[in-house]
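The same chain A turns up in both complexes below, where it pairs with chain B and then with chain C.
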Partner chain A sequence: MNLLRFALDNLYRRPARTALTVSAISLGIAAVVALTSIAWGFEASWQKANDARGTDLIVTRIASENTMPSPFVAEQVKPALSAIPHVREVVGLLSEMLTVSEDAPPVFVFGWAHGSYLWEHLELKNGRWPAEDGEAAIAIGSLAAEMLHKQVGDQIEIEGRMFGVAGIFESSAMIENGALLMTLTQMQQITDKPGKVNILNIKLDSQTSEADIEAIKAQVRKTLPGFIAITSGELVQKNAVVRISKAMSNATILIAGLVGALVVFNTMLMSINERTREIGILLALGWQRRTVVKLIVGESVILTLAGGVIGILLGILIATGLEHLELMRGKIAAIFSFPFLFSVLGLSVLLGICGGLYPAIKAARLQPAQALRQE
Partner chain B sequence: MTMRCILLLLGAFALPAYAAEPTAATLVETMKQARLSEGFEARMEVATILPNGHRAMPFKLSVVGQIGAERQRLRVRGISPDKVRGRFVAAERNADERIRTIAYDEQLPRSIEKADPAARLFDSGLVLWDMFGAWWSWPQQAIEGSDRIDGRTCTLVRSRTDDGTSPVREVLSCVNGDGKLSLRTQLFDRRHRLLRTIAVKQTMRKESGALAAKKLTVTEADRTATEVEVYGGDEHYLVNADTYAPLDNGK
Partner chain C sequence: MSIFPPSPQTPILSTHKLSLLFDEGQTRALDGVDIEVGEGEFVAITGPSGCGKSSLLNLIGTLDTPTSGDIHFRTQPYSALRDLSLFRRENIGFVFQSFHLLPTLSALDNVLVPTIGRPGDHQERARALLTKLGLSKRMNHFPAKLSGGERQRVAIARALINDPDIILADEPTGSLDSANAAQVLDVLDGIRREKELTVIMVTHDASVSARADRIIRMRDGKVDAEVAA
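Up next is the complex of A and B:
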């Protein structure tokens, strides 16, 4: 009988305890997988939305750490930005999360400068774009159309004003698919922020190098006090919600790791206490102490590995389920990368080793004669 | 000699402890300063829950304000649904501390009429008089200990007035000094009957670092509760020349 089979048999002998230990570990691992994938997905959704628009740099207020930076008057900074070398286009964006239907959760409503490059990456599936700046018309993302049960020609009330649905679009960024889109002027009117934007999107020319981008950032810092030029990735990194969700996922990893190691530690300690006589016989039969250590650590690794695999599957199920919740639809897309999932599996193996090491050493140190006297 | 040393020691310890506690005057001044704004806008969703549990249809409104040391002006605009859409209430409080209030309709430019600042706004627990925080200017202010609300320590400040025309005679506020925000405000009438309690349920941080209410509940004497959630706004709102025009024209 090889050591692996022997370890498996030992676990089969106590099915209830094994099942409970595996369940506890799998729940911890599931929480790690679900929370981390959602946190990464949330970050990636925002970054993808910014990247898909073709924006090279974003200018915003320094103090902005909310989901959307606090608004400022675009004309205060736009002329200075347009004059910077390599800057091809400076486009304002105003956004808010608004309730537009009693039957649906709040949705993102974006206001983009009419005719700007921001609209170019969207694929119009049905209808048309708002024809002019002053038209009370909106385009809605395919997911938003589904959630709000709206189609081209319908009306939507936004902040007390009626807007006709001119078109339905598809975007590569999920956040935009779940959003409503109108011209910047219309958005400024309904939110009572005339002339204001949350961010200014900058498109640079094709000759711009990395050094030029750094120079533009430095120039904005120097010439426009209170403002900062950052890439979309940097903007997302500064986002308070992204930071909170990442901190929560890190805290979960830490807590789940500690709880998992303690659960394994407790299980294996109980197991060797019950099997003192059995371990004594093995040692009396000539088993090396190293082999006993291998057996006990092997058992704990099998426990945590099984918990890890089940936990990963459970975590994927939870995250996918959350994505389809009405409240979360169009806002998150969980990301399950293979390196991350393998890391989680590695974490569960590490938990097995850490939790099983002390009980294993304790078992290996038993004196056969003393162990055999144990009732 | 020993007694003198003990007294000196006690004095040395007592002084910093005494100095750490804010006086009513400093706390009131902090609150008055925190309210100052050249222009702000807050859009909020308001839902009223009657004592029998019936939940009235929620509505949205926008509040635009300008709070100066001498003059304070507020304009409330109903956003949606139809029963409030386009309905305005504007009020002004000058150095004489009187609040002048008007109500008008967007569709009827000549419909301006005088309104009561102590009246409930759009059948909810919101009262324009409360938004002015008039009690911070009253002469009688006293600290009455401290309390803890949702894990935050706050100082109880009792404000009183003898002004017979004031709809509220006494206000007990629980002020979080760091956040410069009253976490709970209880308003009493001249017979010391509780009129309503304004309790902050969730806060948000302003650019200045001070806190502002994001969610609050107004509970009236008959247990009618009004839940208010601020969902949008602008700390640096650019007040247009015509924002308070009806108020100016009505003088």
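Up next is the complex of A and C:
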């Protein structure tokens, strides 16, 4: 018989209360895990899409904080950027989320400059790429093909214009797998944004150092008012949706933490009120007060740790379920990192200690004779 | 016939003008109690209900603190003890009228409860105690499956597990029929003699107090008389 077994036995003696408390904590932890992994996944998905293209710097409007920054006329800035030392290629990108089928949720449609390096990271699984800038043809990601039930040779109507599916591709970035891809010129035409791009992707030469990159950033700020050159990570960080989703996940952590601690606090307080006489017996039998504190805090931590483990599994299940919702498919890949999951377990333990400490001290301070008189 | 004389030669325990007030001073449970208990003595504290005998036992057991006065364990005054629970663990074993066994633990685990948090493996000692008390075949039984006498013997084993110097028993036979009561008293007295323990027992039953070496009669919170049994 040791303290752990005794604590487990005490929790086992009150199965309904133990189950309810663990359920409440696990729901809170599940919300934390699901929301945070989705928020991180959202951020990482965008960054991965930018990184996969091999882009070194992205030029965008300085004030734009949309998922895809506000469009601007590429020729305003492209010549100046091309003239900067170490800049090998400057490529425009225009994107929109569009509904292309009544049976499927909206999908990302990307317009990339024909023949640019942006296409190079994609793996063509079937068919071919659009042959020229003016061809009304698209390539579709493998996930988009599945969602839209399209294959090579089929037609897709986008913004009132018919496009032939020329090829199906695979990308290491999940967002691209769920997207449709056409040439920049075609995209500018169907969205009525001639000459406009959301961002300009800059490919630098292999001799470019970190200091050179900083110098390019500074030069853009100086010579192109209203524009900024940033890395893909910085672009994602700047994104208002990413920031809102992270703020929501932080708020959830805070709320779940507070509610969890209160639930545990209430449970343990009720438990020691019911067990006053038993605690009196333990004290009479020679238990030291610190052993009583260890017992109550131990019970509390067992509850929150169990809630934490179940909550993590539930959170992973919820996030995975959300990923597979038709509306979310191809847009979010939740991220479950081990450090984060261990932190959640750490949070669970902290909840147990915080929620159990006051009831434990209260129990340890009981006068044994008074506690024994309690019915 | 006691192995010790009725007036103890070597007090293991003595109280000095011990008083206890309840209800913000409205009720006087103990009023200047002076008693001495010798090493290895078996003392019964008797008296009518409400006379203060259980309050005295609680003070001796450090379960309560006196309003005034002090208690000495050998030469050590309680008022100078820094850790009462540690003192209780090392020197005192309790036996209660209603056993106070934990219902979800087996007899063996109940005996081991006072050792939780103490280093070492106490299993063998617990098994040996239960065997000595005639419960070798009931170790894994839960309290609900034990008779009243068996439960009290488990409680006695529990009181002995930390090897105390004094056993404090509050109406240990109060919940038992006469046959079981006699058996429990035999066990208690046998263990006392074997281990040279001091036993202080509260009882209102004259036939039970007759088993003690000495009887302290209380009335209205005071010692009324001390007599050899």
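Convention: the second predicted complex is superposed on the first by the 375 of 375 C-alpha atoms of A that agree within 3 Å, B and C clash if a C-alpha of one lies under 4 Å from a C-alpha of the other, contacts with A are read in each partner's own complex, and residues count from 1 in each chain.
Operating definition for what follows: a residue touches a chain if its C-beta (ideal position, glycine included) is under 8 Å from a C-beta of that chain, and two chains touch if they have at least 3 such contacts.
Values in this document were obtained by computation on a predicted structure and should not be read as measured data.
Participant: If you stack the two complexes on chain A, which partner ends up touching A:160: first (chain B), second (chain C), both, or neither?
Facilitator: first
Participant: Let me test your reading of the model: by the given contact rule, A:270 touches which partner, first (chain B), second (chain C), both or neither?
Facilitator: neither
Participant: Is A:106 touching anything from chain B or chain C once the two structures are fitted on A? First, second, both or neither.
Facilitator: In the superposed model, A:106 contacts chain B only, not chain C.
Participant: Applying the document's definition of touch, where does A:71 land relative to chain B and chain C: first, second, both, or neither?
Facilitator: A:71: touches chain B, not chain C.
Participant: Which holds for A:96: it touches chain B only (first), chain C only (second), both, or neither?
Facilitator: Only chain B is touched by A:96; chain C is not.
Participant: When both complexes are superposed, which of chain B and chain C contacts more residues belonging to chain A?
Facilitator: Touching more of chain A: C.
Participant: After superposition on the shared chain, which partner residues are touched by A:282: those of chain B (first), chain C (second), both, or neither?
Facilitator: Touch status of A:282: second partner only.
Participant: In the superposed arrangement, which partner chain does A:2 touch: chain B (first), chain C (second), both, or neither?
Facilitator: Touch status of A:2: second partner only.
Participant: If I apply the document's touch criterion, which positions on chain A are contacted by chain B in one structure and by chain C in the other?
Facilitator: Residues common to the chain A contacts of chain C and of chain B do not exist here, since the sets are disjoint.
Participant: Once bound in the complex, which stretches of chain A touch chain C?
Facilitator: The contact residues of chain A facing chain C are 1-3, 6, 9, 12-13, 277-278, 280-289, 291, 294, 367-370, 372.
Participant: Which of the residues in chain A end up touching chain B in this complex?
Facilitator: For chain A paired with chain B, touching residues are 63, 70-73, 96-99, 106, 157, 159-160, 191-196.
Participant: Applying the document's contact rule, which stretches of chain B touch chain A when the two form their complex?
Facilitator: 41, 43, 45, 60, 62, 64, 78-80, 85-86, 207, 231-232, 234-238, 240
Participant: Can you name the residues of chain C that touch chain A in the complex?
Facilitator: So the residues of chain C touching chain A come out as 58, 61-64, 83, 85-86, 88-90, 92, 94, 96, 100, 102, 104-105, 109, 112-117, 158, 162.
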